[in-house]
Amino acid sequence: MIIARILGTVVASQKDERLHGKKLLIVKPINLDGTDQSGYIVAVDTVGAGFHEKVLVVAGSSARLAEGNKDCPVDSAIIGVIDSFEVNSES
Amino acid sequence: MIIARILGTVVASQKDERLHGKKLLIVKPINLDGTDQSGYIVAVDTVGAGFHEKVLVVAGSSARLAEGNKDCPVDSAIIGVIDSFEVNSES
Amino acid sequence: MIIARILGTVVASQKDERLHGKKLLIVKPINLDGTDQSGYIVAVDTVGAGFHEKVLVVAGSSARLAEGNKDCPVDSAIIGVIDSFEVNSES
Amino acid sequence: MIIARILGTVVASQKDERLHGKKLLIVKPINLDGTDQSGYIVAVDTVGAGFHEKVLVVAGSSARLAEGNKDCPVDSAIIGVIDSFEVNSES
Amino acid sequence: MIIARILGTVVASQKDERLHGKKLLIVKPINLDGTDQSGYIVAVDTVGAGFHEKVLVVAGSSARLAEGNKDCPVDSAIIGVIDSFEVNSES
């Protein structure tokens, strides 16, 4: 999984029917020092994450195992809101 | 998922029989400022997207969950036409 | 999927038994202007492609959905011979 | 699989219910000379690895085959603690 | 699949029980001119490959389809020993 922050939303009215009702968020992967990585991902929010929150994002077939995504054509899902992460400074 | 724009078409008459009748489109991933990324993907259109439209593209095994792709040997599918996407300028 | 051209062959006599009888081809991904990309892939040919032909290559678990690849330990397959591809010059 | 070292932990109280009780560790892929690679991965620890240990990390759908991860929305898991690895100096 | 050469071994005594008895090899992807690529992969040997041999490596969920890997948490497997590979010099 990766750590990302929520950046925006995607609106698509003409779409696969199994996407109806899904919240599609644009997230940006971040580094461990909090800075942005390049690129972005469109992920389905499955935990009710809010803007400015750091989230845990799963990719690939496992995104379909997230709550509510069974049999959905999605390859990326937000599966947690991150309270904090800690990096061992000695390591 | 990623955001891409439709760039062209692929014609292949000699192909896996489960690809018959599928529309194979060349799409180009784009950045959030609308500029092109490098590279391209050949994706099956499952939502009737038109040229010049921005689309949502799913990759990997989940492409087979898109409408009509069950058991097809495809790893990329267009699953939505994007009306708009919004990036929080403060973030 | 990606567009590639056929570059060579791989011979392996000591191999997984489900690879017996499979044609293993070395393919090189190409750009939309016809030039080579860096790198290569070893893919199972499932459509009888010939040298110098441009082909459509699927990757990941979907390669096992290509004709004859069921339950084979393969992650890349040639699923079509490309007659032509067209890129919209205005886009 | 890749070789990584354990770098830190992630705390997330609001998360997919199948993640409850899972230990989410931040790991850093390393090179064969022991130096760090760029980037990081958040992986579920399934073997009780300790800080400063080198671990074996599996990615993709196979992460769900690791002990205790069945049907979990995870794409990365620690599946072994590495005692040693040896690189043939002549090769 | 990719072509790689065998570089070393990994020893891990504390590991997922489905890895017991598996031979974990460090392999290095090579270019078509025989030179090394950067990076490495830890793959399960399923064909009894020897040091200094060039091997065929499969990645992703298909690694679990290699002989003996059913339901194992592995994402990379050696599935063939390469006798030779030939690149068409005119292409």
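Think of it as A, B, C, D and E in the order they're written, each chain with its own count starting at 1.
Just so we're on the same page, contacts are C-beta pairs under 8 Å (C-beta built on N, C-alpha and C of every residue); 3 or more make two chains touch, one makes a residue touch a chain.
Quick caveat, the model's predicted, so the values are computed rather than measured.
**Q** Could you tell me which chains make contact with chain A and chain C both?
**A** B
**Q** If you take the chains that touch chain B and keep only those that also touch chain C, what is left?
**A** Looking at chain C and chain B together, no chain touches each of them.
**Q** Give me the rotation angle that lays the C-alpha atoms of chain A onto its copy chain E, rounded to the nearest 5 degrees.
**A** Nearest-5 rotation angle for the superposition: 145 degrees.
**Q** From the C-alpha centre of chain A to that of chain B, how far is it in Å?
**A** From the centre of chain A to the centre of chain B is 20 Å.
**Q** For chain B and chain D, what's the span in angstrom between their mean Cα positions?
**A** Roughly 32 Å separates the two chain centres.
**Q** Could you list the positions in chain A whose residues touch two or more of the other chains?
**A** 60-61, 63 - these are the residues of chain A that touch more than one other chain.
**Q** Quick one: label the inter-chain contact graph as line, ring, star, complete or other.
**A** Topology of touching chains reads as a ring, each chain with two neighbours.
**Q** Can you trace the ring for me, chain C first, then chain E, and on through the rest?
**A** C, E, D, A, B
**Q** Can you list the chain C residues touching chain B in their complex?
**A** The contact residues of chain C facing chain B are 1-3, 31-32, 46-49, 56, 58-63, 65-67, 69, 77, 79-88, 91.
**Q** Touching chain B in the complex: which residues of chain A?
**A** Spelled out, the residues of chain A in touch with chain B are 5-19, 24, 26, 40-43, 51-52, 60-61, 63-64, 71-76.
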